[in-house]
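The two complexes that follow have chain A in common; it is paired with chain B in the first and with chain C in the second.
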Partner chain A sequence: MLLYRSVQFPSLQISILSSIFPSILTMLSLFAHLSLTPSSRPDNPTHNPKLHSNPTHLRKDPILTRQQNEFDLAGKNYSGAGASPEEERSSIPDGLRRELMPEHVAVIMDGNRRWARMRGLPSGSGYEAGIRAFRVLVELCCKWGIRVLTVFAFSSDNWVRPKMEVDFLMNLFEKGIKAELDNFMREDIKVSIIGDPSKLPTSLQRLIARVEKNTKHNTGLHLVVAVNYSGKYDIVQACQSIAQKVKDGLIEPEEINESSIEQELETNCAEYPYPDLLIRTSGELRVSNFFLWQLAYTELFFSKSHWPDFGEADFVEALVSFQQRQRRYGGYK
Partner chain B sequence: MYLGGEMQKAKAITLYQIAQIGHLGLLLLWHLVHLIVNIWYFALGLGQTLESYLISSGLLKRYNSLDSNRVRYLAIVVDSEEACQTSKVLELLQHLENIGIKHVCLYDPEGLLKKSKEAIFEKLTRVKLYEEATKSDSLVRKHITLELASFSDGKKAVAEAANYLYKKNYIGGEQKEFICSESSIDEALKAIGCAHADPDLLLVYGPARCHLGFPAWRLRYTEIVHMGPLKSMKLGSLIKAIYNFTKVHQNYGT
Partner chain C sequence: MESQSSSSSQTTWFTYFVAFLRKCIFMVLSRGPIPSHIAFIMDGNRRFSKKNKLMEGAGHRVGFSALMSMLRYCYEFRVKYVTIFAFSIDNFNRRPEEVQSVMDLMLEKIEGLTKQESLVNQYGVKVRFVGNLQLLSRPVRLAAERAMVATADNSKAVLTICVAYTSTDEILHSVQESCEEKKEELSALEATGSGPYGLLGPNSNDKEHKECFINSKDIEKHMYVTPDPDIIVRTSGETRLSNFLLWQSSSTLLYSPLVLWPEIQFWHLVWAVIDFQRNYLYLMGKLKQQ
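This part shows the complex of A and B:
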């Protein structure tokens, strides 16, 4: 697993040296302990009777301290099923820190058709495999305490695709949402759909309204699905709403500013409207008219895997990369 | 009983020492893993530097056939802390000129590059400000056109465009039902002087892999490449990023 990092030679040399010396010291300590027999061990004038009575009590070390911190800060029920603190602590993979997890992750699920083409399968198989990968990601987000997950399911630019493919996708959305509705309730997942619903099939529109209504009081993961969405459309409808509000006398013309536009964006339905981390699969290095306004300080992670192949290991890689970054949010820490 | 107590004591000491050895073993493993990871990244960095040198010296043949015309508009995002390094910015612009890039947008969130405008144009004679160059075709042909942008050219510009649309459609005269669209925002941005081309490629120089508020309206299909810190900027990496862009196929949603 390759981890991306900015390379700066002087700091790397220091890192290597700072790893070598403690390693040598630790090795020497280890050899000293191994070579000393119990009878030849010198008396320790500072010997603490408490240590003697509790031989497993160890001085603080980085590994245990970190695990203890994760335990202390966990506090959340990731699985939604009353996981114990030990289960919560062990559910975060090694190398990730609970306190540095992103609150909002956005995903552009790209590469379904290419995945299918590589295997000599029809595009539909790629999309179905993509649904499975999506379920895995939702489960991981629930488990690891991510508060908001937004997925880019269908762009308003995708209507130019063949009608058969678009109809298949709409049908797949409908089936997928129906199949997962019970799961959403069980896992306490709140579902919101963003995008222009007017062009979607009527049955899908009704289903969307139903699932949003049924899950609106859920308090676990907030799953936001972008269907017939585009970043430009979001900005346009926000500007339209603002202008209408001023016309209706709800706000003053002087209040047309960045903040008022942000409040009208569709992503404002989430507790954390701006993604901390955006993942795009299949190696493409662009956002393709997904979130535009919202991405100013979002960490961008471009994964080479096609979406159906994006699994836990790839997600961990993205999260590790995110946690290693110094994000300054415009200069204010 | 005394003997039993002594045996208990010896047993406890042995267990304690085993635990200590185990702990030290884990610590050693931890440091060794750190060492391995750092050596790996060091080797990776060496490889990247070597590759960059080979590219810039022309030894890697495939990069010699770089078609820079495919990059119609290049944007560079520089972290504000690094934007103070005017010499590195100048070096970057010089490299871009040598590669053959014609239109460049330099962006930093706090507008420090706008403040260093005079220093930039003083040192680079073949660079012209975008607004001046577009007035004359001959200037566009002979020079690099340079646009300097900051955070205020992004979200604030869109808010001003919204304000402009409101005033145009709802104030005075006949108030008609106004339907906002992408083209109406494009026109509004043009009217307020904030209309520029969408960049084909955006190179981000800074510690974080994000575009730091580059005008969002212009990023719809822009390729975004993170280049690392500006102080580590190398000609070879720049050529590689532009070369990789020229090989990309975009389907624009189809």
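This part shows the complex of A and C:
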């Protein structure tokens, strides 16, 4: 009789199996989840006692050593010695197609402090390792013909960090920009800084103005560095500019359209103002008030690596993922 | 006849049993924080139709059933705000037949929302339609307005349906409203003889004047969708926002399961909540820093 009922109502049996089994699986997973504490997040040093227990071993980190050998603060040129720009630009890795390369890549360089904590190092070492990873990325973008690279160096939300850390970062920016100025000119890199400069140290403000002026006619990679920047700040400052025009009678409120806002955004300084690809490192699945308006149709890629570990292989992985996506912009396939 | 009634009783006990399992899972999850606002980008309906060789538009119908199930699960989890991205302004660029088919489906389903036995009334959900509603055809717009009126007294939860919506259009609308408001304030001050210096002082420079004129709180006041979502779920594996809740998503967890929208199941929601809970302490720490 039971067999007859199974045969007669197979869809019911299938429904039961297809609903109960995953629910049981979900419950088992929940119990597994509850046994995990928040400290099991990878960024907590107590999660991996092997990393935490032997700081001496960590100081011989092969990645740090390799990066230190490749680049130092005096700065090596981005294209590498001996190769012509055309030869370098033709050296796109296998698996990537030149015609599908993004024009504008944006990067949230997250995870410097967690990287340092995992190795028992001070935060400053994390930021310095991050600078080295940044240089690798700039080199790759120059080689592979990416037109605009935006990096988020300091968010307007980061002022709440300890003063010592903020001062260290400002100092690092200043030293880094000074060290790279010759390289920017040699590699034909145009540099723009976006964000509110008013809270930055005066010496850094002067240096920013100098580097922007000196590189303004360069025609290679456009490097946009966001310092004291946030997506909401950019939209608000654009709206304030528009509101000023309304107040001055230059424009009526009903004449304001999306183009009016786009023209006033600070990213309008770039030939390709909107990123095609945004990469965020360290596994955080959010945009954290970095670009907002500009991200309307941007492909997002979240890498689990912390920023100092983000190298060529990770960048290729992000580009491969980008090139496989179908961008429809809400319309046809 | 007897076999049909025993089949329906089996279906009933099975439905109760599955609902009981969901309740158990909710009790377990409730030990941690439950998100108060979840947003959905319901992507993959057309791919579902193609994959299952269905007629055009069938994927959207199955997608609607999936939506109803997902809303039920959210309200069982006591998620107070649910926002769905039903139709983008960019979607008007699709083939006219497809657009019409989606509009017809929306009209049919919106009218279903206002029925007494509908899910929204069962869970006390207030329905809001937001977006540039003037772009909709008159029947759809009127149906949406009727649904909003019919559910205005519901207060247990809020369902925000973004239709003819893009985030850039929302921000633009908010900026226009803010500019109008400020212009009226300034005109009122000038009429009383205080002038713009009533707000600023005679020695203000242009920058101070600009800062007083408009700020992020003014823009947020006029946004369609509040509060900010805790999770944005986008199905079909695409990892982009497609002009949805750009302003509101700055601290939102983005969850992109590979499943197509019509195939989304209860455990996808469970995993989204688990992910939210795993990131919650870290995010709260960061928000406190700000």
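Here is the rule we use: the second predicted complex is superposed on the first by the 236 of 333 C-alpha atoms of A that agree within 3 Å, B and C clash if a C-alpha of one lies under 4 Å from a C-alpha of the other, contacts with A are read in each partner's own complex, and residues count from 1 in each chain.
Here, contacts are C-beta pairs under 8 Å (C-beta built on N, C-alpha and C of every residue); 3 or more make two chains touch, one makes a residue touch a chain.
Bear in mind the structure is a predicted one, so any value in this text is a computation, not a measurement.
Looking at the shared chain after the overlay, A:Glu258 reaches both chain B and chain C. When the two complexes are laid over each other on chain A, chain A has residues 8-9, 12, 15-16, 19-20, 22-23, 26-27, 29-30, 33-34, 38, 41, 157, 160-161, 231-233, 235-236, 239-240, 242-243, 246-247, 253, 256-258, 261, 284-289, 292-293, 295-301, 325, 330-331 in contact with both chain B and chain C. Taken together, the chain B residues at the contact with chain A in this complex read 10, 12-17, 19-21, 23-28, 30-32, 34-35, 37-39, 41-42, 44-45, 48-49, 79-81, 109-110, 151, 154-156, 158-159, 161-163, 165-167, 169-170, 175, 178-182, 185, 207-214, 216-217, 219-226, 228-229, 232, 248, 250, 252-254.
Chain A contributes residues 3, 5-9, 12-13, 15-16, 19-20, 22-23, 26-27, 29-30, 33-34, 38, 41, 51-52, 55-56, 58, 61-63, 155, 157-158, 160-161, 231-233, 235-237, 239-240, 242-243, 246-247, 253, 256-258, 260-261, 284-289, 292-293, 295-301, 321, 325-328, 330-331 to its touches with chain B in the complex. Taken together, the chain A residues at the contact with chain C in this complex read 8-9, 12, 15-16, 19-20, 22-23, 25-27, 29-31, 33-34, 36, 38, 41, 43, 157, 160-161, 231-233, 235-236, 239-244, 246-247, 253-254, 256-258, 261, 284-289, 292-293, 295-302, 325, 329-333. Chain contact summary for the complex, chain C toward chain A: residues 3, 7, 10-11, 14, 17-18, 21-22, 24-25, 28-29, 31, 46, 88-91, 93-95, 166-169, 171-172, 175-176, 178-180, 182-183, 186, 196, 206, 209-211, 213-216, 219, 238-243, 246-247, 249-255, 265-267, 270, 274-275, 277-279, 281-282, 289-290.
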